[in-house]
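I'd like to ask some things about the structure below.
The chains carry the letters A, B and C, assigned in the order they are written, with residues numbered from 1 in each.
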Amino acid sequence: MSNETNRKPDVSRRKFMGLAGLASAGAFGTALTPWAAKAMDMKAAGLTGQKLNADEMDAMHQAGVAAFPAETEGLGGQPLEYEMDGDVKVFHLTCDIIPDWEFEPGKTTEAWGYNGAVPGPEIRVTEGDKIRVHVKNNLEESTAIHWHGLILPNSQDGVSFITQDPIKPGAEFTYEFPIREGNAGSHMYHSHHNSAKQVTMGLLGAFIIEPKDPASRPAFDSEHTIILNDGPIGGYTINGKSFPATSPIVAKKGERVMIRYMNEGLMIHPMHLHGMPQLVIAQDGWLLPQPYYCDTLNIAPGQRFEVLIDATEVGPWAFHCHILSHAESEHGMFGMVTVFIVEE
Amino acid sequence: MSNETNRKPDVSRRKFMGLAGLASAGAFGTALTPWAAKAMDMKAAGLTGQKLNADEMDAMHQAGVAAFPAETEGLGGQPLEYEMDGDVKVFHLTCDIIPDWEFEPGKTTEAWGYNGAVPGPEIRVTEGDKIRVHVKNNLEESTAIHWHGLILPNSQDGVSFITQDPIKPGAEFTYEFPIREGNAGSHMYHSHHNSAKQVTMGLLGAFIIEPKDPASRPAFDSEHTIILNDGPIGGYTINGKSFPATSPIVAKKGERVMIRYMNEGLMIHPMHLHGMPQLVIAQDGWLLPQPYYCDTLNIAPGQRFEVLIDATEVGPWAFHCHILSHAESEHGMFGMVTVFIVEE
Amino acid sequence: MSNETNRKPDVSRRKFMGLAGLASAGAFGTALTPWAAKAMDMKAAGLTGQKLNADEMDAMHQAGVAAFPAETEGLGGQPLEYEMDGDVKVFHLTCDIIPDWEFEPGKTTEAWGYNGAVPGPEIRVTEGDKIRVHVKNNLEESTAIHWHGLILPNSQDGVSFITQDPIKPGAEFTYEFPIREGNAGSHMYHSHHNSAKQVTMGLLGAFIIEPKDPASRPAFDSEHTIILNDGPIGGYTINGKSFPATSPIVAKKGERVMIRYMNEGLMIHPMHLHGMPQLVIAQDGWLLPQPYYCDTLNIAPGQRFEVLIDATEVGPWAFHCHILSHAESEHGMFGMVTVFIVEE
């Protein structure tokens, strides 16, 4: 593992273009019934209030799965580029109103996000870096950015009226701090002003600190960030999208996959992976003295966990919040659902 | 400890016939007031809307405790018999509508369950076994069974439209897979189709994998499975029943008791045992590298925990969810409450 | 560390009189705008239903912070004095109706509490002690006291109709039991009769058992108890108060601070400290075999955790429940928020 490996475009972010080889027809091996297309139209039209019979219900379930991974406008969590100013990495963030964030195919809502996306771009730095973040507030209310999990000077902590004046609409603010050694791991940045609204509206992102010495943390072949939210935008979302618009996680058999969980919502979300256990190695960025296995990891608001998954079992495995009402209705799977696909 | 020991009828499932020896009058040492009988009638009649005075309230509390453990129709979680076909253990499950599941004395509701009960029968196998499960769907909607926690071929994972077509009403389906070595512990089976409804309606059960080598897991004298649910059937239930219809756990002083917790509901349930600590030894079937003690174990949906309790303290100990609104109202204890009884 | 140190008045309970040195104007370094005073008046008058512009919203946020730590009537959690009767420590508790508990400046509600306060007084004893607690019930309904986390004779466990008759209005009851060796740590006492109401109304308190051998548990320089509640009195509270009426935690740079978390509410509360990690050393009083670091600790109802915080970072650090709707609205911070202040 090297930092180069970590910085390459994340496989979770490329659109997965189908599951040929796993299935002979349809996305997951079942022929799409005539009802499925009709069901998709009905869902789009919102005409699903009536009592469904089993075939109608199944068709809607099938239509959802067949649509996965569905193309939608907008993709958050992309790497945030920086420029160097001497030995300082300089980043730029804007706090934006997004009038029509498409969280599910054909369904849009007003969201607020950094650099026009939900989640905001992924900031990735290394222990020992010096960083500067220029923030421009394009919202209609004030804001401030808290670097959740980072150990930094109090003045840079981003809590309005406790560590700084809020950033007024139209105003700019610059944060600047060193990245401490010992602070590696999965962290977050998000609003800390009117936060119950601003964060759930989408003003959130991943802040990942690479270890200076890669050998100081467990190795893996690929990594994926799963940011959970349950706010007003799109309901129950993974990285700003609701199933079937979530991105699959794809691994080759034998690979070791790292998942970085982050909960930015207001509820717990116990994330259940089918087929293979999760080895929990870090909590809030801190390596656990004794990693432990589970298949359902309970993640509370504000928490982050890093888990390793050995992709030993071939096939498409459901991966979802096990509060089942966050993942499935009688109209099929939605919300906090994705698929972990292990290819031969 | 041997597999034979584990397979003997679970003491939690026999009806506990009173607490003579612990009490001189009434179930728990207090004389039943005239009000208590009246209170039980009032509860049954639903005539409890008025503001109660202290004596009336106490009488209702007492009536509930005096009725424990209350007889009700139907008892889930019984061992599922199998037949051998060569070296394959063959099980049969039906997915049934239960028109009048009695979750509390005199209170019934429609439930859905395997083999006509909630929880469904307990499936218990051993690492290295080969199993086959014939499923017949007697529901009015499709279904599929997910073997939650098991490592198995993708085609047998039971997620409709991802790993199989759903099982239509009236149809049958057969699952067949080997029980992997290393997969011992407390697992579950439940619907993975319209699951937010089907699971909370009762389509759930325990799936326990014994270790091939009993010495590979901690020994105990008796064991009990506590399946938590908070669905439409009976509200907050333990093994499909609400207090006072829950089953007590009875141990002799000096015994080591194992509890297998499983949460099949939509909410967390922090289970608090009075009087003795719980040693948490496994999570989701996986032995913890470092067992730890607690008295209140927070169990999220989809999670399982195995704990050991040394029955050192004699007496009847309250054992309940510590979200107190899941366990007691002004009319007395209800829902996720049972009693852990240590006998001399 | 000695018992004397532990028994000295807790720094968290003295009123912190401002942050001079950290700020040149206002509590936290920002000049109080004219709007802030007006905002405080508006909040008091409840005239905040209209849509606020950014400046109005900010003023309300600022007013809340500027008021911290706000003086209110009543302070719970004070050490409970005892007298010796031979070798028995004798305590007295009354169960009281408090007509106007001031949980936020100018906001009062009826609460129920021990010895007239919420939380009730802190009981602090040592392993090996013998104790007696005289209880007088001044409520209009019956009650009983459960010693949550203590290992004691069944008859003293305080569960009405299971281990005792409830204590009627106007009646008295005496508990008497030894404090077991091995039972050190952070425990609680609270009602176990109509508990969903009585506990959330405030009938709760800390019960701390010092180790007989101080070397048997980690050392620290100061300690603070954080009792979380989410009941009818004051909404989301820390030690019976809502921000800005919560007490700050103040430490000198270099000190090691111990926090004893206790959740007496009906919801989880993941407590997030800014600026410094929390080392989790004990759960429900039991020392963890492997302490672990985190910055957001999820605390479920009935659970207690002990954490150590090395006060290495100077400044005022936000410290709050990360279910953000328990901590901030568009009118500013409220509820489960305090400030952890590290002084040079």
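Please note the rule applied: a residue touches a chain if its C-beta (ideal position, glycine included) is under 8 Å from a C-beta of that chain, and two chains touch if they have at least 3 such contacts.
From a predicted model like this one, the values you see are computed outputs, not experimental measurements.
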Contact graph of the chains (line, ring, star, complete, other): complete
Given over half shared residue numbers means same and under half means different, the subunit A/subunit B interface is different
Between the Cα centroids of subunit A and subunit B the separation in whole angstrom comes to 34
By the touch definition above, subunit B meets two or more other chains at residues 268, 290, 298
In their shared complex, subunit A is touched by residues of subunit C numbered 28, 30, 54-55, 57-58, 61-62, 64-66, 268, 270, 272, 274-277, 290-296, 298, 313-318, 322-325, 327-330, 339
Given the complex, residues on subunit C that touch subunit B span 140-142, 146, 148-149, 151-155, 157, 159-163, 165-166, 168-169, 192-197, 199-200, 266-268, 283-286, 288-290, 298, 300-303
